[in-house]
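Here chain A shows up in two complexes: once beside chain B, once beside chain C.
Moving on to the complex of A and B:
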């Protein structure tokens, strides 16, 4: 049962959201999904155009002009907006850089809210405990001081100068490295991380999480990779690494209570390592976003 | 509803809380994590880590602490205080981070709790003083009211087993449903409302042994039949909305980003539970709280003890992570001192009530080292005992070097003998031989090696010099002096500017920075007042500090990023402080 979109939240209603990766789609075969509590159908036309409409396939509303939803292809995904878009989809300049491999690593269902997924994506302190021997290992648990900044013109949060010891930072790494991370939050439900590329120390791999809110407490997380990797011949090896990482996060995320992200500062206990999440929660409050969060101060 | 929240309910059988397990329970819509520590104590907590809300039932019970699965935060047995935050290994968790805990009792083979505490677990006369066995818990999809109504009419007699015949049923004022039999066979049932439409029946039987499989199976069969009947009727009833869990709010001061080195000024009253001699001239004191458990000290923490003669003295806690029901300190008699130790030795007796501060930790232990070296001299063993126990609990390696005059001066021998790490006793060494031994200990430092030194001034200085001489990085050498033996020069006068509050104040000769701050309404925690403990540390934004303390390392002093406001002053005309 889907919970309907909170009509008092025009913020999410007027944003572009991802509803599917296009890699595996067969043109002409419609499929069902949901966004913000609204059941949706989508299909790629024979010419590769995305067509998206409200309802179920059985409703046969695909030709109904009133059911049509604004849609576009970008970064290998279909993006839709249910309301009136105020902003364009954010830019990922790395996606068009030469020598990068772009792919959707995984789309996975998670029983939690979109902001909880974004916050987990922005967190380094859990690496040794959740991604043991891959992104972190005990006793190397320290999160050193890093910088967080909000850019009001771009409407983006940046966390920079983040360093963390990693035994195996990516599919292409063979030994432990002190990995540098940068985080960027250009959308309430999307975040991008940049980290030292094991194959080219002058460039950074980009990994984006694009969260599709099915409803307030159920999402699909799509992981977009734009990486420099000459070692793994097959995309599936690169994907497998990211699938492992997300598979480790899933049980943690689904055991976070409450599922909606509490914006009341007294709901949870931040530490210095959580600087970026403090900024993220403050930003969601200032955006007047209601969907997938708990705003009330008890 | 409020009345129900005040009531005591069973939430588990005592056997459900198996060693090193975290049991997932529920009561009145609240999720509960229940776990038994190795000392037998049953902890009943809100099922949620205060940091980011992850359920503690997926955490790890190491026997003494519960470790959250997400970021490795550790919470202590009994007190539920956070003892360690791995993301900031060099810092003691600066403030009292404490999980919501519920009052707990174990009675009749069941674990009891109340959402809001009131009174005690119901006294059931049928169960008083006789052996009893808890029955298998029976979960039922129904409101507690319907379960109570139908359970009261239940029959436990059958053609095969007539031991529970002709029973008289009563509902106790506490809500227990009692079935009194003609012989010694009685049944008592308690209800655990999980939520508005889910209830567990927890029964207790007398006159039946744990090994009476046929009898236990019979009672279970009766309850299973009853469940089917209750659920059939419950299905006809109108749905009731599920109860909404109430998530505990954190303290207001925890909601903002923590600064470093905060201290609390609140005191706790404790009773001297025991006073014994643990070595020549060293008394061991055990303090217990007057009302329940005490705030947990982290490894390396100390408390201020307010003495009957008006003096306040600092003593390190020896407590390991398992030892949370009392504070244990060691006090060496110092005949040449100002009377703190003599008062404790000569005046304070068992049963006395003293005021102590909450534990403060200015000597924090990193748990991210690959080699940890503890060097103790005399009574300086106390904080290092607590550190050694802590690393041992996490199965991390350490070595402990204890410098003493002779066997009679070995304090806390029982605690030292109980340690399983590498312990070396250095007895009766001359200053020269002590220096040689220290050079052997500190030979060849590696990355991620850390050493912790505590002892009398000359020994501590020798250890620091040896570590430095062997190439140890200043930041890897951690130490705690008992006292500051430097002569304090308070002749200078200068100006302090408070960056955050915009005040500018004058410090005249004879006054301390701390005095001036307090006189102007700035609240700063302090403890030893002699530049040893580090409690009154304040960040410096600008200016040259005249360091007179023994708390900061030499490189920290050179950096002048912090000042101990109780003794240190300014070399420049002006200091800008980050307060």
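Moving on to the complex of A and C:
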């Protein structure tokens, strides 16, 4: 059963969230999903406009104006807000840059909370153990010191100066590299990583995880790629690489207990490599966010 | 040899693993199962009208269905004749029986995984999970008695068969569909033994066994 959104959590209720990639939608064919415990239907009109409403397809509430939900297309996804949006959807300037290939790599259901997915996305320490021979390999397991900042104006966390040895950093890689990473958290349930592109010395590939909370402990993770890749003729080879990575993360994420992210600093012991997640948890506390987290003292 | 393949498919994985166990080189031809739905497109439907992975091409011979591919590979390339014991009618019958059981695991545990993981919302996930638990109880009991008789594998005999390979992937991936193996200790001991078969390989979501000594 879906757990309904805690009405005392206006923070998530008033944010824009992704509910689907538009690539594979056939105009005029409605589909069902959920957001924050609320069952939703969506359809692309013949002119390509997203229409989203509360309820099930069988309820035939699509014509009911009261059931309509505010929706917009951005970055190849339908975004919706159930409450009153206080902020615009964050900017991803790379998306409109020349020479980049933008695509949804996968939308995968995960039995965990949205903040657990974001935190896993921000972690480098697991690379050699979970993504063996791709994003890391033993004995290159050390996460060297990196920088973390919170930018209050942009309401974003940035982790920079992150370096990690990777045997196969992307679908376009032909050899191991010391890859540079930057992480950006512009939304409590979305994060973007920037990493060395094997095909361009001057620019970084951008990979965003956009987490759709179906309810507090079930999500869909949408993976947006904006990459420079001249090696792979077909998008599917780029997608398949990222699907392999996410498939490796899945059992790790689904076995993290509790599923909701504990915000109490003493609930889970961090190490130096977790600097960015310490900042992330602190930010969620300061935002007064309640959804998908455990706030009480352990 | 060419395999039409999708990394996250347990049925494709069992072929990749068995090819590796047999030491056969092959080309992977990736199909964009999700989100591309390439297996339902006209090009792939010309290869397999059922729109299902995997499909194996060996020279001019082409064959679909994971269990059928396993039996073909074993009968043709396993020189020892242990993986698919065609000369022993009773064991052969057993292997086929448990391969069909593996297919039922696909119909339940894998269906629940598609529901949870890839948003196949049309699947009745409660029925799929209940079906998987029913099968796992049967297999757990079977393996428990096998262990009491000093056997390690699903079918009689000292060596694993393709029935072990056929059942393994969607049992290991069951938790992705909300089906925990917590209540099936004999199954969990058996999965550790499968992971120690020489040539065993992993896929996304399945990790190799630890270096520790196997628990009896």
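In this section, the second predicted complex is superposed on the first by the 297 of 298 C-alpha atoms of A that agree within 3 Å, B and C clash if a C-alpha of one lies under 4 Å from a C-alpha of the other, contacts with A are read in each partner's own complex, and residues count from 1 in each chain.
The criterion applied here is as follows: contacts are C-beta pairs under 8 Å (C-beta built on N, C-alpha and C of every residue); 3 or more make two chains touch, one makes a residue touch a chain.
Keep in mind that what you see is a predicted model, and the values were worked out from it rather than measured.
> Using the touch definition from the top, say if A:27 reaches chain B (first), chain C (second), both or neither.
After superposition on chain A, A:27 lies in contact with neither partner.
> Could you look at A:99 and tell me whether it touches chain B, chain C, both or neither (first, second, both, neither)?
A:99: touches no partner chain.
> Scan A:48 for contacts with chain B and chain C and give back first, second, both or neither.
In the superposition, A:48 touches no partner, neither chain B nor chain C.
> Figure out whether A:265 sits in contact with chain B (first) or chain C (second), or with both, or with neither.
Once the two structures are laid over each other on A, A:265 reaches chain B alone.
> Touching A:251, do we find chain B (first), chain C (second), both, or neither?
both
> Is A:273 contacted by the first partner chain B, the second partner chain C, both or neither?
first
> Across the two complexes, find the residues of chain A that touch chain B and also touch chain C.
Common to the two interfaces on chain A: residues 251, 255.
> Along chain A, where are the residues that touch chain C in the complex?
My answer: residues 21, 23-24, 32-33, 104, 106-111, 220, 236-237, 239-240, 243-248, 250-251, 254-255.
> Residue numbers of chain C touching chain A in their complex, please.
Touching chain A from chain C are residues 7-8, 30, 32, 34-38, 115-119, 121, 175-176, 178, 203-207.
> What residues on chain A touch chain B, complex-wise?
Those in contact with chain B are residues 119, 125-126, 128-130, 138-143, 251-252, 255-258, 262, 264-275, 278, 298.
> Which residues, counting only chain B, touch chain A once they are in their complex?
31, 47-48, 50-55, 57-58, 69-72, 85-90, 97, 245, 247, 249-252, 254-258, 367-370, 396, 448
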